[in-house]
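Let me give you the structure first, and then I'll get to my questions.
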Amino acid sequence: MNADGGLLLIAILASSLVPGLLIFFLPEERHGLRTLLNLSAAGIKLVLVGVLLLGVQRGETFEFGLTLLPGVDFVLAADALSLLFATLSSILWFVTTLYAIGYLEGSPRRSRFFGFFSLCVSATVGIALSGNLITFVIFYEILTLATWPLVVHRGTPEALRAGRLYLAYTVTSGLVLLAAVIALNLLAGSQPFASGGYLLHLPDELHGLLQIIGLALIAGFAVKAALIPLHSWLPQAMVAPAPVSALLHAVAVVKAGAFGIVRTLNDVFGLELAADLRLTDVLLVLAALTIVYGSIQALRAQDIKQRLAFSTVSQVSYIALGVAMAGPLGVIGGLVHLVHQGLTKITLFFCAGNFAETLGIHEIREMRGVGRRMPLTMAAFTVGGLGMIGLPPLAGFISKWYLGLGALEGEAAWILGILAMSSLLNAAYFLPPIIAGWMAEPEVTRPPAHKTRFESHWMLLFPTLFVAVLALLPGLLAGLELSPLGWVELIVERGYVLVPGGDMDNGTGVSP
Amino acid sequence: MIESLDPGTLYPFGGAALFALGLHGLIRRRHLILRILAVNIMGSGVFMVFLGIAARGNAPPDPVAQALTLTGIVVAVSATAFALALTVHLARLTGYAVLLPGPLQTHRDSHPDDR
Amino acid sequence: MSTASPDTLIFATGALAAVSLGLPLLASAWPWQARRIGLLGLPLAILGLLAAVGLFLDAAPGMDAPAVRVGLGGWEAPLGVTLHLDGLALAMLLLNALVALAGSLYARGYIHTAAGERQFWPLWLWLWGGLNLLVLSGDAFNLFITLEIASLSAVALVALTGDTDAVTGAMRYLLINLLGSLSFLLGAALLYGEFGVLDLQLLGELADDGPTVRMAAALMLGGLLMKAAVFPLHVWLATAHASAPAPVSGMLSGMVVAAMFYLILRLWLLIFAPLGTPALAVLLGLLGSAALVWGSLQALRAPRLKIVAAYSTVAQMGYITLAFPILILHPAAWPVVVFFAFAHGLAKAAVLMAAGTVQKAAGHDRMNALGPVLRARGRTVFALGLGGISLMGLPLTGGFLAKYLLLEAGLLAAADTTTIMQVWTALWVVMVALGSLLATAYILRMVAPAFAAGERNPGGHVSAGMEWMPLALAVGAAAMGLAGASLTGLLEHTTVAA
Amino acid sequence: MNAALLTFDFVLLAGLLGVAWRCLASTDLFRAVVLFITFGLLLAIAWVRLEAPDIALAEAAIGAGITGALLLVTLERLKHIMNRPRTDTDHDPAPPPDPVASDADAPGAAPTGDAASRAADAGNAALSCAPAPARGRWITLVVTVGLAGLLMATLATQEHDPGLQPTVAEHMDVSGVDHGITAVLLNFRSWDTLLELAMVLLAGLGAWSLGRHDALPARPTPGPVLPGAVRLLLPVAIVTGVYLLWAGSHAPGGAFQAGAVLGAAGILVSLARPHELPDPDPRLLRIGVTAGALLFLAIGLWGLFAGPALLTWPSELAYPLILIIETGATLSIALTLVALFIGGRSPREDT
Amino acid sequence: MIADLLTTVLVLAGLAFFAAGTLGLLRFPDVYTRLHALTKADNLGLGLVVLGLMLQAEGPAMIFKLALIWVLVLAAGATAAHMVAQRTWTHGEFERRE
């Protein structure tokens, strides 16, 4: 418990919180200073998370504790799992800030936007680094409060309606979570996250109660993870500006829900107890249903962002599916998909944002022949689309591959069917726009690329390309230590209780 | 029924009756002057209970209870004086000195078009 | 561990009482300088209070009885009047100091006519002083007088604006206060008749479960519930709080209502706790739930910003009334009342002062026409939002800790009682959850216009104090979220009946 | 003998309840106020019966006297406000025309002058008020009777507790005075008395904060009788006040009763000769009104620093200190009561 | 013994006058006659009662105080009666209501 470790965690949190608060009080016309603050904050956070990454890899422990109430402590801790989410969100925050600066050129109320934007990321990193369930729920609800103003940023009546719906869902889920956390705190005391769970010592007659608490926790997190039937706020929230839907609905908010489910099953109940309480089975069915439902809805959606939103609904359930399989391979598939889906989806959202901002394209059918006019963005869109479908060299394939292995390992063959069907559906709703984009004749003659050297504003193009490359890397360099797959194997190796009946074929024995 | 009807028991009963009578008047009557009188009568009822308690038993009366009553009377008169000043101020503003039971007059004068 | 010798604490208590009375007296004697007396005196008094808190925390573990009892005039308990300073009293003194300081700095800009200042500041200091003396006093009759002082100064402050609503609200508030004080006094008289003692702690030791104690409880707690605007008797609150000057309505909703609940808690802990029967628990629970729902619905319908805030006070007081049934089943959870009073005090004062700033800038506070001003004044909306978040009980604010404690106490209470009471307690827990949902609804109603698109017009000039004080209070309410442990530590040293 | 006292008690209580009920049930405000003053006097007799002469004195002087005067002057103001057509704009009306100056005709003028009668009719309207609404009559009756029953039942169970009388008697020697009530008021529970002085001051501040005072609408009847009587009564009142203050240390009397008597004298003066009423400098008036409580606290502070706690009087100095405090209190109370009778703050304060 | 007897006689006589005054108050038709009855009968009644009590008084101070009470009541009664009569005469509002 070295003190400077705790300070590092606080520094990471503060690196986006303090600039955010400063930006709030910046007068609107100070663009230069605001951009400087934004980018420097993102840069510092990246460096700090990097230092933390290396520290955790070397096995050091980082801990920060503060007692809010007797028996209730605010704990920040960094373990391998939290680093996965923290690295993902800090990288993507840097990129999205750049993108947002470009996207919001000349629009009003940017100080307010970037203020809340930084608060959101602080909350997301807080969620990643929280050391026990109560801290997790605290950051979880702060995330709600920070995202609401971004969803209603445009101020149009439907934005406000979407905001109201979003708030209704998330505040209710917050209440359910709080009640469950308090009950858990009363039963087992305020325990930090411990891989393999800290509820094993409880007597058996409490299992009924634990089941209810487990279901409540899952339901609470399911709202943000957009599982059926609690998903309807996500498509409505697409009314927000592109950077918001990109970072928040591809990375921060949705992943927070999925991360919550992972933490609950893995670090609170422990997969073994979760399986006994049949929580994993409930989650399995729910995830499977959501995958299929999400893909079907995506197929029917005509607006690009709606399609991407429903695709997110189904993709996030992969993570839930992976964890619910309770086998190490399945968990690897689920966790690695957390990163892959994040990178691929953000590429797609950036491309959608580019199309909308430069050519005013909102519908799928308007994308005919856009490849001629904006070849680079279309290329990024293709990489993203194929990644989603899961073609071999790309990231999507790896996560689906491990999910398939996990399904076999857990003797749940029907999951293989679900995975195959969803890949087909993915192809069904991603291939037509890609093909139309490249091959089809554009109906309307588009003005040639105006005088600037690139096809759209450089601050929109470069982040898109950068993220497209990032979406490629995990697929190609899967074997590396620091690649998402390598890191997930490190997580599983460090933390997982081996569920009897399935043994790791690559021989990395796992001790709790 | 009450074994001895000495003032120590009789007057507290009278005080309780006065308190109830005053409460009845406070609730029933709408005019502010009458409500202020009712509050004063309730106050006298409480002081009668206090002094009745002070005079209990055949020992000399308890000076603490009597001192409290004196303080109470002075507090009552200052509260009444302020209440009367407020009533006059209210009458000067609204033209009448009656508190209508309606809870929210503020709706009345708020902008007509935001019903 | 060097325990500060108790007599420095005794001196500190006496000094606190003397200052709480001295400042208003000075201001009343010299109203031309009342503003300067207030703005210099209050901070000094608060520094003294902080020193006293330090001394108390340092000395408390060393002392046998967890409270400092000072017999004024040198006369001990049964004969003389005793001041009673313990953790609970210090917490309320701190809240009173914070809200009064913020209100004073806010009033600097809000009341700018010389004549207005000469009338406002003496009464304002009397309200602050009266509440301090109320919290310090440990004698039943003395509590009656301090209640009267606090209520009369509050009523005079409400009527200060001089428009029809304010004076009507003030009149209604005065009558309810007089009725409440008289029933409190009658309760004290009954207790004196039975036990011949007026000091609360001695009464606590003597009190049995006889008819007198039950009748006295009904009268005293009934009177205080009337003054705290609990559901069936809350009609006066909306008009009085909405039409009073902003710093006054901040103080009324923030501190005066909380002081009444402090007194109910004090009487409960010392004397009336054994009277808690399940039937009383159900009644209080129903009252609290009705207040929660009815207050929130009214807040959702009210056309003016300050009326929304006033009805939100009625709703939030429903929370505290809900806490009592849970206290009956699980007595150790009493600090939840103080947490709620503290969190609501800071947050509501912030919201009401922010509403006052908006009203001053826009010239009116009709909700459907406030869009432009709200959009232009980011700081005030941030204060409204942050205060609102604490009222909703969302994380890392004082309200969140209070809601956490209440839910925890509710679940604990539900765990070990008879099945019927389990059902009722479950209902209370659900009502608490519903309450925070309804709170989200009406807070959203206050803040949403700021985010809707539309033209921006900052409205009239507003002084710096009126700009920053609501924000400072809101940040205070949020910071309380981190200070939960120290507040619990302070509350540990409180006299609770055997 | 006991039977006679018992009947006296029953008659007195019946009288009290009857007067109180008639007062609250009357539809004419003037009748209600007169009945209330009678109630106050009967109450004074009841306090004498309960062997509390101090309180009887206070009740008669303050409860019946001062409160009665305040009520009557409020009725006059209400009548005056109702008569003048209510113009919404002016908050502080111009001082009302004083009929003494206006109807210059001789006192023997015919009573049925139309100006006088029209004013009289409007006046009567102002003083009458609607009877209680029929709705909800029974519920309140049941509630209040139930409450009275409960209270009486509780009081019946209380046996005769000697209260604090023995403890007071035990400490009388140290208290500096030898009259029980004054000892309690100014030594044992001096904090209550200090706060009570603050309460009186606060009522004055509150009344002043509401608005400027309009000249007294009370219309003294013309002719020399009232000024003559006042010239006779004033010195007697002042002497009685000072005597009461002095007697308080060993017999019934004290600051509050003396303050009330002097206040009554002040009210009499302000009623009898409104024109020459010297408009005091507002700063002095404010200091005068606060002087009593301020002096009390200042002396109390000495106890805070030297003695064991706030408001401690050393036993040998107790008597002189108590006397100083009582004089200050009497002056302040008298001033405040007169100010409350006059109503608002002096216009000179707002310049 | 004689003093006690005398006191009872004087006080009883005083009470008789008081009764007469009250009877006058109830029976007389208008304001002026009722004023007349009250002031005359009650003052005399009080004088007798005060005389009776003077016999019981211990020292001269008590006697002087009793006499002072009587004088004050006389002065107050006279002034009050005059003012009520004056008021009725000029405004006549009381008369009409009877």
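The first chain written gets the first letter, and so on, giving A, B, C, D and E; residue counts start at 1 in each chain.
In this section, a contact is a pair of C-beta atoms (placed from the backbone, for glycine too) under 8 Å apart; a residue touches a chain by one contact, two chains touch by 3 or more.
In this text, all values refer to a predicted model and were calculated from it rather than measured experimentally.
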Chain labels contacting subunit B and also subunit D: C
Third chains touching both subunit E and subunit D: none
Pair of chains with maximal C-beta contact number: B-D
Most central chain, Cα average position: C
From subunit D, the most remote chain by mean C-alpha position: A
Most distant chain from subunit C, judged by the mean position of its C-alpha atoms: E
For subunit B paired with subunit E, centre-to-centre distance based on mean C-alpha positions, whole Å: 33
Subunit B and subunit C, separation of their C-alpha mean positions in angstrom: 26
Cα-centroid distance, subunit A relative to subunit B, in whole angstrom: 66
Multi-partner residues of subunit B (at least 2 other chains): 12, 19, 23, 49, 53, 56, 64-65, 68, 71, 75, 78-79, 82, 86-87, 89, 93
Shared interface positions of subunit D, touching two or more other chains: 91, 151, 155, 158, 161-164, 168, 188-189, 192, 196, 199, 202-203, 206, 210-211
Set of subunit C residues in contact with two or more other chains: 79, 141, 145, 148, 152, 155-156, 159, 162, 186, 190, 192-193
Touching chain combinations (by label order): A-C, B-C, B-D, C-D, D-E
Subunit C to subunit A touching residues, read off their complex: 378, 382, 389, 392, 394-396, 400-401, 403-405, 407-408, 411-412, 415, 429, 433, 436-437, 440, 444, 448, 451-454, 481-482, 484-485, 488
Complex interface listing, subunit E residues touching subunit D: 68, 72, 75-76, 78-79, 82-83, 86-93, 95-97
Touching residues (chain side subunit C, partner subunit D) in the complex: 10-11, 14-15, 17-18, 21-22, 24-26, 28-32, 70-75, 78-81, 115, 118-120, 122-123, 126, 133, 141-142, 145-146, 148-149, 152-153, 155-156, 159-160, 162, 186, 190, 192-197, 210-212, 215
Touching residues on subunit B, where the partner in the complex is subunit D: 2, 5, 7-14, 16-25, 27-31, 33-34, 37-38, 40-41, 44, 47-49, 51-57, 59-71, 73-82, 84-89, 91-93, 95, 97-98
Complex contact set, residues of subunit D against subunit E: 103, 107-109, 111-112, 116-117, 119-120, 123-124, 220-223, 225-226, 229, 232-233, 236
